[in-house]
Amino acid sequence: DGHASNPAIIYDLGGKFDKSFNESAFNGAQRWAEENSSAFAEFEITSDAQREQAIRRFAEDGNSPIVMAGFSWATALEVVAPDYPDTDFVVIDVSWINMPNVRAIGFKEQEGSYLVGMMAATASESGVVSFVGGMDIPLIRRFACGYAQGAMAANPDATIIANMTGTTPAAWNDPVKGSELTLAQISQGSDVVFAAAGGTGVGVLQTAADEGILSIGVDANQNYLHPGQVLTSMLKRVDNVVYDSFSNKGDLEAGIFVLGVESGAVGYSLDEFNAELVSDDMKAAVDAASAEMVAGTLVVHDYMSDETCPALEF
Amino acid sequence: MDFFTIVQLGDASVRMAIPLLLACLAGLFSERAGIFDIGLEGKMLAAAFVSAAVSYTSGSVWVGLLAGIGISVVLSIIHGIASITFRGNQLISGVAINFFAAGLTVVIAQGWFAQGGRTPSLPSEARFNGLDFPGALSRMRDKMQASPGMQFYSEFVSGHSILVYLGLLTVPLSWWILYRTRFGLRLRAVGEAPEAVDTAGISVVRLRFSAVIICGILCGIAGAYLSTAVQAGFTKDMTANRGFIALAALIFAKWRPWYALGACLLFGLFFAIDIRFSNIQLQVIWIMVLLIGCAAALTIYAVKREKIDVIVLGGLSLVLTAVALTAWFGTASADGIGIFTALWETVKIPSQLIQSLPYLFVVIVLAGFVGKAIPPRAGGQPYVKER
Amino acid sequence: MDKMPKWADVALVPVVSLILAALISAIVFVAVGQDPWEALKMMAYGAVGTSDSLGYTLFYATNFIFTGLAVAVAFHASLFNIGGEGQVLLGGLGAAIVVLFVPWPHWTLALIAGATAAALFGALWVAIPAYLQARRGSHIVITTIMFNFMASGVLIYMLSGPLKPDGNMQIATAVFPEAAHLPSLNDIAGLFGSDLFGRSPVNVSIFIALLACVGVWALIWHTRLGYQIRALGRSESAAKYAGISAVNITMIALLISGGLAGMMAVNNTMGVNTPQLVDNASGGAGFIGIAVALMGRNHPIGIVIAALLFGALFQGGAELSAATSIPVQIVVVIQALVIMFTGALDEMVRSPIEKLFIRFGRSRVAGE
Amino acid sequence: MSDISPAIELIGISKAFGPVKANKDISIRVMPGTIHGIIGENGAGKSTLMSILYGFYKADAGEIFIAGQKTQIPDSQAAIAAGIGMVFQHFKLVKNFSVLENVVLGAEDGALLRPSLAKARKQLKSLAEEYELHVDPDAIIEDLGVGMQQRVEILKALYRHADILILDEPTGVLTPPEADQLFRILGRLKAEGKTIILITHKLREIMDITDTVSVMRRGEMDSTVKTSDTNPADLAERMVGRKVLLRVDKTPAKPKDVVLEVRDLDITDEKGVHRLKGVSFNVRAGEILGIAGVSGNGQSELLEVLGGYEKASGEILMNGVPLDLTGAHSDGQSRRARGIAHVPEDRQHDGLIMDFSAWENTAFGYHHDPEYQRNALLMDNAAILRDAQGKMDRFDVRPPNPLLSAKNFSGGNQQKIVVAREIERDPDLLLVGQPTRGVDIGAIEFIHQQIVALRDAGKAILLVSVELDEIMGLSDRIAVMFDGQIMGERLPENTNEKELGLLMAGVTDGETA
């Protein structure tokens, strides 16, 4: 019946409304549901022990595809997927699982970050731009590293300050600390700050707005949060991935897919809230860079490939 | 470190210290009256949520502040009912209140705003914004170019929200209430010898309830400060253990208002340092000196004492030494250099360690190496007349 | 003459407290627009309705037995070990280190080694707070809270540095070798052709938990050490008179407590379907242990019952939040209410019951 | 007589603490300008009755008339308003406040402290002159001696204009000279027309100073008589309900070898107060050495050092072998292993775990004994229980139910459990602190007999008591302690209460003249 073949989505520990990719994933699912007036199943886990339980639960209920947001799902999925060969699984932020019924999707965050890094360095008057990360994990360093490379590309003399909020999952949800980090960065001269920090980013953007500097949002389009004060947002279209997975249920292609600028999965946002901030020159430069990325003439270094960054020291 | 950095560090310390200070003074009133309160955290959290939610809905931050104080006082009264009226265990009641607030804020926030347990971001008019003093510069970038005096005035003196100034005023006010008024005398007495207060014809119950209500009010302001002044809205668990740190500061301050200011500023400084200098590099030699120095000091302290001291402190010394040696040889082998050259190598201190420093410092303070703190004599004990 | 019979003290009072906690919880449900009766049914079904959920309930209960016992042992010495969270994390570290770096030939040996290491690490993590409490009177509640934060720092450092497998993004160790994976109860039930526990991770560590219950029972009421722990807990001055070393007993009681909390990690690492140590290995069980110990009256039997109840609550609550829009934090609220009523408002419940018994008892005596 | 109404009249007062009926239908009247004594055994309900009058406890039933007016006294505020002041058995002072702060607490004039304190300072000065009650208004209470603290309590009452002053066992903590001074003050207050109620156990004080006396027994009012119409023997009989033997029956001691030798014992506590100053004495087998003294003069510390839970410098030899006074073996276990048993001064605080059942308490301190172990791991609870039942039977503990919690036994029976535990160990040395504090006359007789029997079995006994009668009755030799020193040793047959009283006040022979 209709219900049984519903797609399902399972969020990671941060929860559905993390203002980050869980929320983005939810938005994609929501969009699909509205457009098709269908329902989908969803679940927020609260402990790691629930991962397998959650996947199996949906698989046994006949949901397909089952979309999982976050790399932490990888281990559980590797165990469960072979037990349900007829179910399609999609796992986001994972680029290493190769199974016949798993579609693993990674993003080239470094590319999107590179683009907003260019914009930041161009918009900066002081020549100092900064980055606030959430939890200090390789994935977030990939953002930071791409951002730094982009900033250096636009202004070889640029100074890039990068701070991580913390090393525990609490770092995704500490806007107060995000705000303090931003202030510290401003005092070091930064006038554009990029937050890749989940809920912590709310504090970063708020403080940037209060202090009259520019900020850059992440994952979803956050330009609307402080109109005229958010330079742009680094888009990571988790929502599109979810939307596409739901839309193509039944004939999802298994394998590993790493999506970058070429597919529009990462990029920057431009809308009425930041139109005045993005000059035509800036836009032209950034678009040129993305064209080079698509063409393969510009390769942004991926921190996770070798855990080093040419443009930034951690 | 240039002057402006120091000013900023001071500025951030004050900002970080204010919620600690308010919570610490809240605990001070409660504990001075003999009621221990580890529920400061929960009360702040509840107040943070309610004040943000009400500020958002009403559009007035003052109404929000009042509502935040209200919820915090309600929780205080529950703590009072448990520990004063029913003479329950004050620690347990406090723990329950912490859980209650942690859970209920999210449940209600979700039911109310459906944003995953947070409130919507507050518009500027529903927040406590920084007060700019006459002539003060407000933008960071302007300040950086200003003269040192101006920097101090603009950054350190001006620009805080009204709650910061209010919080600082609470210190002399608390001191004055405690030591210069009838109420203060009675309050201090009831934490030391409730039976003396009782036989002097004063109601112990009423006095202790007044104390926990004051505690609630101050916690309420602290919570509102977090969600409507520092931040523009509530996020789950946003108090981030400040209630517990405040308790430690209270012990450090030996239950005295002025000392509390000092203690909270010190802890505030720790947080400010953690935030600003999370990337600390040290030469291996200094790590060795520091860790092995501590180990040696502990060992020297322990040998003159009993077996248990030798075991525990000796064990700790071994761990410290092992960490030091691991850092040394680890650096040597990682960089492929001789172990003596490795001594002059700089390594990054793990950020986890830097972030643990405030907590470590609390433990060191509690260890009493900074002087013995004697709590109010009747503290933590319910007043029982009839067994 | 006692004011009321023992059964009233150990059973009636907690049950009444629980009912009161349930009533207030019902109000909370109504406040967020949920029919409490429906919610209860959903939670009950979610907790024991299917073999999977039953197994999960037992799995969580295993965790809570360990942490409940940990809190209880300390409580007997009048110490409030609120540091279970940190001790569990360190216990996990201990277990992970011994099973990752030593090739165990069989799960039984791995279990023994893992449990020992977990207990040892958990105990070591409480050693300094214990020492400071015993020697310098630094309040154990605050020091263990601080150590909880530091434990998470240590764990994250280890998981993102020394114990991090190459190319893994998750903050977790490598998956443990198969020989260190504990058989699940369903594997055992499977030998008899049953599928009683579904795919749930409930595993042989539940037997360790039950053994620990027996051990704690014997320790507290049948050994000199337990006698001394209880004596110290009830009267420090009398303990001093009797020559019971407050310093030593405080240390030992807390070390045992920390060891029990640490052992929980065996269930949560070696016992789960993907055996590995993840960053939030405790999942709040350290705190739930407080409620479990309070409700279980610090007695192993009570703790088992309370742990089952909280296991069901935890599992049922998760299912409830999956099926409705109520966040799973509702479980924390219920937990808080249980702590409040069974712990802090004990007198409110007890005193009227006591009065009833005195009145009833008097008329009985008069009648004799 | 009927035209002046009584200053206080209580009618039908009843009060129960849970299952304990402390006061049963008690009525009493006290005429103004008199001193009225109340006597009764421990636990008779005297303090409870007075606490009800002072509004500290609420009576379950009964009426209170003050100066002929029916008065509700729901709390101490009301009592103070009715002109009642009370000096409790255990002082109700804030230890780390100054005298002045204690005096104004609850009687401040306004919301601000400064004017109240200034006024009180003046007032105290005039009160001090009027009644010879001199104290330093700025002294901190914990730095004052008990006598001074009591003055503060009296000043508190006078500062509140009390016309009726209740004193609950005021002389228990005073030296005889201090007591004499207190009585002079009471005489002066009486002359001023104030009414005084005095609770005491000392029949002599009743006879010396009161006008009328009430006797309470087991929560009931036995009788009220004019002091001039009665005598001590009569009062004692009314108190207990039967004729009492006030003397202990014992044969002369036959002391043998020295068991305990104490040399130059010194203690300085954490606050730097010198508690014991070079104490030396010895106790022989087969004798009872009594240590007399007002409490707080170092006796407690002495017992604690001997019992192993206080550190000291100096030397203690037990059967000629030194005891460890500071190291790893200075604990209760090691002392017991050396044949020292100890009945502590405060049974509820030290001697028993009130929440443990009686049987668990009978092993307390001896829980390491081989006879209580089943094997290397487990204790033999059954053996302990059996043993406890035997002890309770032999010592006539009532009720003889070892499963009851210690807190459910009366004070006297609790004490019997402790005494049984310590005596039946057959120790070489028994330390006994305040063996009969809070114990009724019947139990006192029994406990005294047990102590004497142990002596006659050739054991050494060190008895510390604040009750001079007990010291005089039991001891074979008496040492008097004052201010951490032994002021002198006397034989009971060669001394009298007056001489001991002076020694207890620190007055040595030379100074008496």
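Per-chain numbering from 1; labels A, B, C and D assigned in written order.
One rule holds in what follows: a contact is a pair of C-beta atoms (placed from the backbone, for glycine too) under 8 Å apart; a residue touches a chain by one contact, two chains touch by 3 or more.
Everything numeric in this text was worked out from a predicted model, so none of it was measured.
Distance between Cα centroids is largest for the pairing of chain D with A.
Centres computed as Cα averages put chain C at a distance of 46 Å from chain D.
With centres taken as mean Cα positions, chain D sits 46 Å from chain B. The mean-CA centres of chain B and chain C are about 28 angstrom from one another, to the nearest whole unit. If each chain is reduced to the centroid of its CA atoms, chain A and chain D end up 76 Å from each other. Counting partner chains per residue, chain A has residues 136, 167 touching two or more of them.
Counting partner chains per residue, chain C shows two or more touched chains at residues 153, 156-157. Shared interface positions of chain B, i.e. residues touching 2 or more other chains, are given as 116-117, 236, 306, 352, 355.
Under the touch rule stated earlier, the contacting chain pairs are A-B, A-C, B-C, B-D, C-D. The touching residues of chain D, when paired with chain B in their complex, are 17-18, 54-57, 75-81, 86, 88, 92-97, 101-102, 104-108, 110-114, 116, 156, 328.
For chain C in complex with chain B, the residues that touch the partner chain are 28, 31-33, 80, 82, 127-129, 131-132, 134-139, 141-143, 145-147, 149-150, 153-154, 156-157, 161, 247-248, 251, 287, 290, 294, 325-327, 329-337, 339-340, 343-348, 351. Per the touch definition, chain C reaches chain D in the complex via residues 1-3, 218, 221-224, 227-228, 230-231, 234-235, 237-238, 240-245, 354, 358, 361-362.
Of all residues in chain B, those touching chain D in their complex are 179-186, 188-189, 192-193, 195-203, 306-307, 377, 385-387. Against chain B, the residues of chain A that register as touching in their complex are 15-18, 23, 126, 136, 163-164, 166-167, 170, 173-177, 179-181, 183-184, 186-187, 189, 191, 199, 202-203, 206, 210-213, 225.
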